[in-house]
Amino acid sequence: MTVHFGGFASPFNTPSYLVAAVARRGVKGLTAISTSMGRGVKHRDSQSPWLPPELRPQDFFDVALMAELGQLKKGITTFAVGARHDLIYPFEERLADGSVEVEVLGQGSLAERIRAARAGIAAFYTPVGPGTDVAKGKEVRDFDGIPHVLETALHADFALIRAWKADRYGNLIYRGPRTFNETMAGAARITIAEVDEVVPLGDLKPDQIHTAGVYVQRVVVRPSTPVSDWTTPL
Amino acid sequence: MTVHFGGFASPFNTPSYLVAAVARRGVKGLTAISTSMGRGVKHRDSQSPWLPPELRPQDFFDVALMAELGQLKKGITTFAVGARHDLIYPFEERLADGSVEVEVLGQGSLAERIRAARAGIAAFYTPVGPGTDVAKGKEVRDFDGIPHVLETALHADFALIRAWKADRYGNLIYRGPRTFNETMAGAARITIAEVDEVVPLGDLKPDQIHTAGVYVQRVVVRPSTPVSDWTTPL
Amino acid sequence: MSVPSNRNEPERLHPTVMAMVVARDFEDGFVVNLGVGLPLECANAMPPGREILLHSELGLLGFGPVIGDHTKADPYVTMVGNLPVEALPGMVFLSHDESFAMIRGKHLDVCVLGGLQVDVEGNLANTQFEGKPAGNLGGAPDLAYGAKQTVVMMHHTTTDGTPKVVTRCTLPLTAPRCVSRLVTDVGVFDIRGGQIILRECAPGWTPEQIQGITEARLVIPNDIREVRLM
Amino acid sequence: MSVPSNRNEPERLHPTVMAMVVARDFEDGFVVNLGVGLPLECANAMPPGREILLHSELGLLGFGPVIGDHTKADPYVTMVGNLPVEALPGMVFLSHDESFAMIRGKHLDVCVLGGLQVDVEGNLANTQFEGKPAGNLGGAPDLAYGAKQTVVMMHHTTTDGTPKVVTRCTLPLTAPRCVSRLVTDVGVFDIRGGQIILRECAPGWTPEQIQGITEARLVIPNDIREVRLM
């Protein structure tokens, strides 16, 4: 099973509640598509060290939790490891012991491959990648004398994303940069959005909706009291 | 010279002022990219016959004006002619007398080719087109057993679009469906937006801006009194 | 819009009735695109009690019926065909590229398209009008591919009586093997496995009369019914 | 962040100063992306009197400096590196796909990237950290290709003194032939035509001393200056 994990590194745009739900469910053998393979529970406060403790969400879980729990078979990502030598994140540990595979590509190609899945495009030629390891084993073709690499759509079974508000149709708005949350919406068989609030139909205006509800199959409202331990049964 | 003409058939989303400006300037040999090749001045009221005369914009000009004036070399479009036999639009007249060329393709492929130009994608495989005339002379390749046709990015020298409000950075918001106006913004060397109003920087909110100003090189405010005759010098 | 009846044939279905027949099969929650021409009639024929999201390719999703009193219309909110429609709560505006990402990416349940010819393989021709120097593809190729189901709604014959339901399309194809349901002014048909199956006949029409104005050979099962509106 | 100086060498430029040197060349109206690591320092070093739109690949455009008093920060408005930044009028939020459409489509003027190695061809390696089982590409490959100019801002040597400005990158490439300007803690360089040209030296540094900690052979023109901040 392949899962898109939305967000970009911040506790405020990571679908933490859904990540914890995947941990609770215990499903194994996942291929996780995520721009970063995360830091895990132990190192999560290193993500935003500037954040005053009282503002630090106690329910912050990222995809590294899946690595910690041995739920991953593979990661498709742009940040596979930490940049520091003194912090070893869970996915890096799993990589080192050979229990997971990894595909590393650039963030633009990752985003475009996911967008292609949403948009029904099978593959595209991007100028980014030729001359680097990313192009190995892929078709390279010149357009206007510039080499381009063929990248294919990246579908998933589920897309787990984080938004701010939803209405009954699944229309979404986001708060702040929309990151991979907007990109992944609709790029999976089932898109699940974790939101702060569901508002009455009509509250979200037609010119202000970021993700149309047709891309969203399920909406989950985050608990008003954060669940700080993923092992707590719900 | 190749020009994207934005909008979709309605006087309310067509960049009429910019179309008239191209007419005034008299530039010839244009390749016009437009979802419809338009109806021209003579037939323009047939576009929205339901519209009460007092609401009908007197400055409605579409790309057919360029055909009337012999400014076009070629049209790349999804609606080359009218559906009715009793209304012959200017581009159709030019087609019939052999003075213009035409490339007709589906609207989704047209939109995606323009989006590819904005997004730096050289070409893409779409499942739409194989088995029809659109695929003739193009590469067809199977992905997951489904034939796809290779379509290339459609760049232009200028993109002429219509929006509602702009700020000093060229950030834009649109009123109603955003049509090809949003799609074409950024898909040309120079994007020019015709707007109703320029508002102070900060009035357009970061989560409500539809087109970022980096895609827009010039903004023109529509005259408060519509200029109903394109031959009127400005 | 209406086809002059042959004196000897029963009355054909009015477009308003055809629209009800098409729309009765839209399920609650369906996302449906209506093509230009006859299919637009469906916008005012939505089955009561069901929420159906109408999609229009210029970047409009979740709109209501065509507005009759045009002085009350917002001219910025129009569907394809440039007709003003009601704004409904939950409506969304899109760009053309996102609108077609939605179509091509198979996020729509049904599209209803007009047709010039439909054949036994479900091929659709609706682009090249007779006597015109070029065709009009519009959004049809993407819709025909992308929607989970493609329904064609058209008159059964041309104004001069030429059959439009044929063994093999002779006009340029809009999209191959895409049509699975056909609603004409004389009946309702399923298309599958290289066959056109007559399901329902317009009031007063016999299967034989329908076959008589159809070039393709129709499959005529035992359980044929009269056209239902619900 | 800082490299321990060899006792015998002049003082190296502080990252804050390097950032000023990079940012002084941003022209009014430029759209600039700052990569993770050292380049983020530039956010707080914008040249006064010029409007520069900062782009961050998670979908943020037109933001201001990093906010020092974190209790006043909006935690939803962060640039890459997850640092809170000031909201400026005209700021725009984007999705990741649109953010990279903007990058790849050549709508950015400059990107500033960190580097592990830069060579005479302008090849950049900044993905594979020593001893790590995999690399980190992030947004760098797209930025290096898409921005009209790619500037690398890095320490001139590793913490153990190994040269990072080399004849040919030995680490996996992030992007080929992309770097045209290099700012290190000892000088400013142009890279073109297979040559690295020394333009400015940090105070106290001679061209010979800089060549001494550089593996690649430097071109040393007559008009070399001391590093300028404006």
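As written, the chains take the letters A, B, C and D, and residue 1 is the first residue of each chain.
Methods note: a contact is a pair of C-beta atoms (placed from the backbone, for glycine too) under 8 Å apart; a residue touches a chain by one contact, two chains touch by 3 or more.
As the structure is a computational prediction, the values presented were derived from the model and not from experiment.
Listing every chain that touches chain A and chain C alike gives B.
A centroid comparison over C-alpha atoms places D as the chain most distant from chain B. Interface comparison, B-C versus B-D: the higher number of contacting C-beta pairs is recorded for B-C. Centres computed as Cα averages put chain B at a distance of 27 Å from chain C. Taking the mean of the C-alpha atoms as each chain's centre, chain B and chain D sit 39 Å apart. A straight line joining the Cα centres of chain A and chain B is 35 Å long. Measuring from the averaged C-alpha position of chain C to that of chain D gives a distance of 57 Å. Each of residues 112, 115, 119-121, 126-127, 174-176, 207, 210 in chain A touches at least two other chains.
Among all residues of chain D, those that touch two or more other chains are 93-94, 100-101, 103-104, 146. Interchain contacts (touch definition given at top) occur between A-B, A-C, A-D, B-C, B-D.
Within the complex, the chain D residues that touch chain A are 36-37, 56-60, 70-71, 73-78, 80, 82-84, 93-97, 99-101, 103-104, 127, 129, 131-142, 145-146, 172-177. Taken in their complex, chain B has these residues touching chain D: 115, 117-121, 167-169, 171, 186, 200-202, 204, 206-207, 209, 212-215.
Residues 8-13, 35, 47-48, 50-52, 55, 78-81, 83, 85, 92, 95-96, 102, 104-109, 111-112, 114-115, 126-134, 174-183, 210 of chain A are the ones that touch chain D when the two sit in their complex.
Put simply, chain B touches chain A in their complex at residues 112, 116, 119-127, 143-144, 146, 148, 152, 173-176, 207-208, 210.
The touching residues of chain C, counted against chain A in their complex, run 31, 53, 55, 61-62, 87, 89-94, 98, 100-108, 146.
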